[in-house]
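Shared chain: chain A. Partners: chain B in the first complex, chain C in the second.
On to the complex of A and B.
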């Protein structure tokens, strides 16, 4: 019997393949793009667009975190803007209260937001789908109300660091190496790169495989001995950490923070652009951030109201859900390749 | 050996298992009965997906119900599902290696274990790096079985593994199922509606009807039992 079942010849063990040519080309393309973004882009853009691209860097971290939750684990969160606000609040408070280096502040903001994210997300872990979305939306609403009450720190004393009678409000400081807008843009991009690397490290290893199993079949994951609660919590912690760090970068980018800048409904728009960009890929997070921050800035510059974007995003989500579940980051290159193939075929026939 | 005593499961007003008691000792055992008899619920209780209202379950002397579901899998309770649950996004290798994620075995031992399991199920010719979505339905079922037998399972629960498979693949699957106890040392319980598969694989069989055990014993005798014929098999 045993011989009958093992009649197939012994074969090579599954091993890590060496990087092949397409992988090397991909790595080279990413490196060139990053170098261009860091050194070329600030030379080409006006200050208006440099500030916009700093926001793109910040929100690419937020959409990356949302992509981990939605795309990788299947947890729909409608509260990411509130998590971002927590990160920004903590960073602002620490930046006013201490003289710690900026990277330390970012790390602390990330860690504190991570704890807050876990505590608020813990009860929701047993929920999925619409119920989880609803709970996170309500939580986001609650956090927004609290932030509107306590206000963002503005250099005042006490635990909250807010003083309503201040006339000359000091700006939130930036790192000494990134005082100017172009330098701070580079700083934000480097932090974003680190967050993308952190996420990649997760996706390529044990948590990534566990998340894939949980998203596709939680029963199968459980049957394989995967502690699904732990890994969901892990995803929540990672997403909260990244969003907290993004909040810290945002604090330095805008100098002044107000609760009105973190409306609850923005979480819904964020989810929409994350789905449009592609919740399953890293590029999707960048595309989503461009849609969320660059497109409105472009329309404003052209004198078109950015309110129209709500309609565009609605149509975009519909388009993506019906024709490209993996988002624009997957669909556009695929369609371009198809177009190139068709053109080649036409050329050979003529 | 597994001993179940007074197991009761209720879903709202519906009693799925009604103070059921049974025991299986070794080899491959069959569990049959009409739809809704409680077979999958029984598997769900053993694997920790459902908490019973009453009763005890002891497997090899261990109180299974006191363990969290993922710990039961790590301890050795493995299962497949009625609806095939291979993870499409992962490779064949990673689908099986999922079981070893928590283990303290070295990477080389884990790899050997996984490849052994793939060979055992007859998936030796399939590249371990192949994506599951590229496989046939029968191969995907075998990936699930490989995931259930990799490492050192103590109890392997197979929930209608041959559902929807053509005869040739069912026959191969039968060979695999029969070989599981010898290959792994695990007690294997097979739920299926294919009586020829059950007859070919199982030395002993138990029959459930409306959540109650109506017969158990040597498979051939059980399949001739009047109560079983009346409740499930029907008169030819």
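On to the complex of A and C.
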């Protein structure tokens, strides 16, 4: 019976697809992994690594957003760190100025960053491909210069909230439920899960299909009646929102923000790890964040220079672009599967 | 507004900077037209050349001229090597993919430079050319020979490249490849050889630019690697096409950047000049877009 079913799959009603076994296994794996990350990991790790993993959670949102742009819609952004900086700036300013609860601040930071992303992105979206990538690099460069002059809020007054002569700089506050580092780590992971869920919801519905069409061919998508400008702008808005929220989480994680922490070259590294991790899948975003934040921390602990990592990222980009366009998240499982198949075949022949 | 005399020295330095941007921009445009690759590692290649020259002069006590030649040769060799390995492998891909691949090379070189010429020790490096010492003055303004060489190099390279593309066989082949690689190959042009020549030329220019910028700006891996963004602005304003517009835009970028220095309210924002000019230029010029199915960006 089962054989017959797998050979000719019956057409299920599209409205209620029944999850089959591989999907159930996948869902169970994800649940177990998430529960372990939330409850097991903080018990096992030292404070150093908990801080690192908080950064991983933050940057997984950034690479997720970049993955949506690069992998799903085909818009390459070389300025994502500048967007993150805007989110962090807005969140820090609001955290100093108001006593609103943290989730509200995160939402506001996301929304304001989203508006900033749309305002700068709307004219830029006239451009395509290489030109769009380069203009994001230019805009990011400009934002970085402004940030270096304006500085991050440090508890001062006025619109900019920066006071250069302040002796005692108050730390950026954290949510009352997540004051300690392990608690804040859990908080960051939950925010990241929400952002991943938001992205999944987009990809499974109309915008996701429109983005897939645009990525394949923009003229064809246009001919099929898709409002390409609207959906490209939508992708940009979603990516800016997620990155803005990530900036808000980052502000609480580090307590003090400096404009030196957001150099333009980091946007380039970020694109490199996103491509290496795999821009087409959600796992790719997590892999990319681990590469970007966890690996440097590990090497630092071992006393290995982080420069080796930059070299590795460079080689990784070249490797990904020439041989594995879907990145590590796709390549490693595929190669493992191939290896397993080969081993199995060997066992049957012997 | 400060008095005019405050601006005068910055005209000279701005023109010198603009000259180097122009020479870099011309290299980038020619390589892009011939191979379809926007070479984002241009700055990094020049930087590693300049750092090698610094090591040769200060550690191995090699005479200056030999070190400068090694700088240019190293930049050319790295560029040509990359072009020979990754050029054919990525030839059929989108221009965007080709450009991102050169970011890979940039990261490799950048990591290598930070590893070999580490900055954490607080060791300040500088590369001075003998032309810094001599010079002349126009009215109140002091001009040194390096600044003259920088501007002259920009002018000469732009003119020379224009003539080369117009009148030589190799230049004609490059222009043909800019139009259509496949048809050019069908006509019997040795496509790979022409591409290799373009890579080599671009590498030589990267070496010269690295040497000049190390003297005019600073000998620092990060600064030199990302200074290419300023020439990119000029190249973008020229829409990766015209070397004349590239030259003009590069001079404007260099000049405007330096002229903003004495204005106190804007001096902190002067590094934005290339970005703002490029963004404005691109947006104004892209008011009408043509959507095509070809790989060529409209």
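Here, the second predicted complex is superposed on the first by the 334 of 350 C-alpha atoms of A that agree within 3 Å, B and C clash if a C-alpha of one lies under 4 Å from a C-alpha of the other, contacts with A are read in each partner's own complex, and residues count from 1 in each chain.
Operating definition for what follows: a residue touches a chain if its C-beta (ideal position, glycine included) is under 8 Å from a C-beta of that chain, and two chains touch if they have at least 3 such contacts.
Given the structure is predicted, the values throughout are model-derived calculations rather than measurements.
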*asked:* Between chain B and chain C, which one contacts more residues of chain A in the superposed model?
replied: C
*asked:* Per the contact definition in the header, classify A:133: touching chain B only (first), chain C only (second), both, or neither.
replied: second
*Could you look at A:209 and tell me whether it touches chain B, chain C, both or neither (first, second, both, neither)?*
first
*asked:* So in the superposed three-chain picture, is A:163 touching just chain B, just chain C, both, or none of them (first/second/both/neither)?
replied: neither
*Could you look at A:331 and tell me whether it touches chain B, chain C, both or neither (first, second, both, neither)?*
neither
*Based on the superposed arrangement, let me know which partner A:281 touches: chain B (first), chain C (second), both, or neither?*
neither
*Report for A:318: first if it touches chain B alone, second if chain C alone, otherwise both or neither.*
second
*Taking the superposition as given, does A:222 touch the first partner, chain B, the second, chain C, both, or neither?*
both
*asked:* Show me the chain A residues, by the header's touch rule, that chain B contacts in one structure and chain C contacts in the other.
replied: 217, 219, 222
*Could you pull out which chain A residues touch chain B in their complex?*
1-2, 4-11, 13-14, 17, 206, 209-210, 212-213, 215-217, 219-228
*Flag every residue of chain A that touches chain C in the complex, lowest number first.*
76, 123-124, 126-131, 133-135, 137-139, 141-142, 145-146, 148-149, 217-219, 222, 264-265, 268-269, 271-272, 275, 305, 307-318, 321-322
*chain A-facing residues of chain B, complex*: 47-49, 68-71, 73-74, 78-81, 85-91, 93-94, 98-99, 101-102, 111-112, 114-115, 119-122, 124-125, 127-129, 144, 147-148, 175-176, 178-179, 182-183
*Footprint of chain A on chain C - complex, ascending*: 38, 86, 89-90, 93-97, 99-101, 103-112, 114-115, 222, 225-226, 229, 232-233, 236, 268-269, 271-272, 274-276, 278-279, 282-283, 286-287, 289, 291-293, 297-298
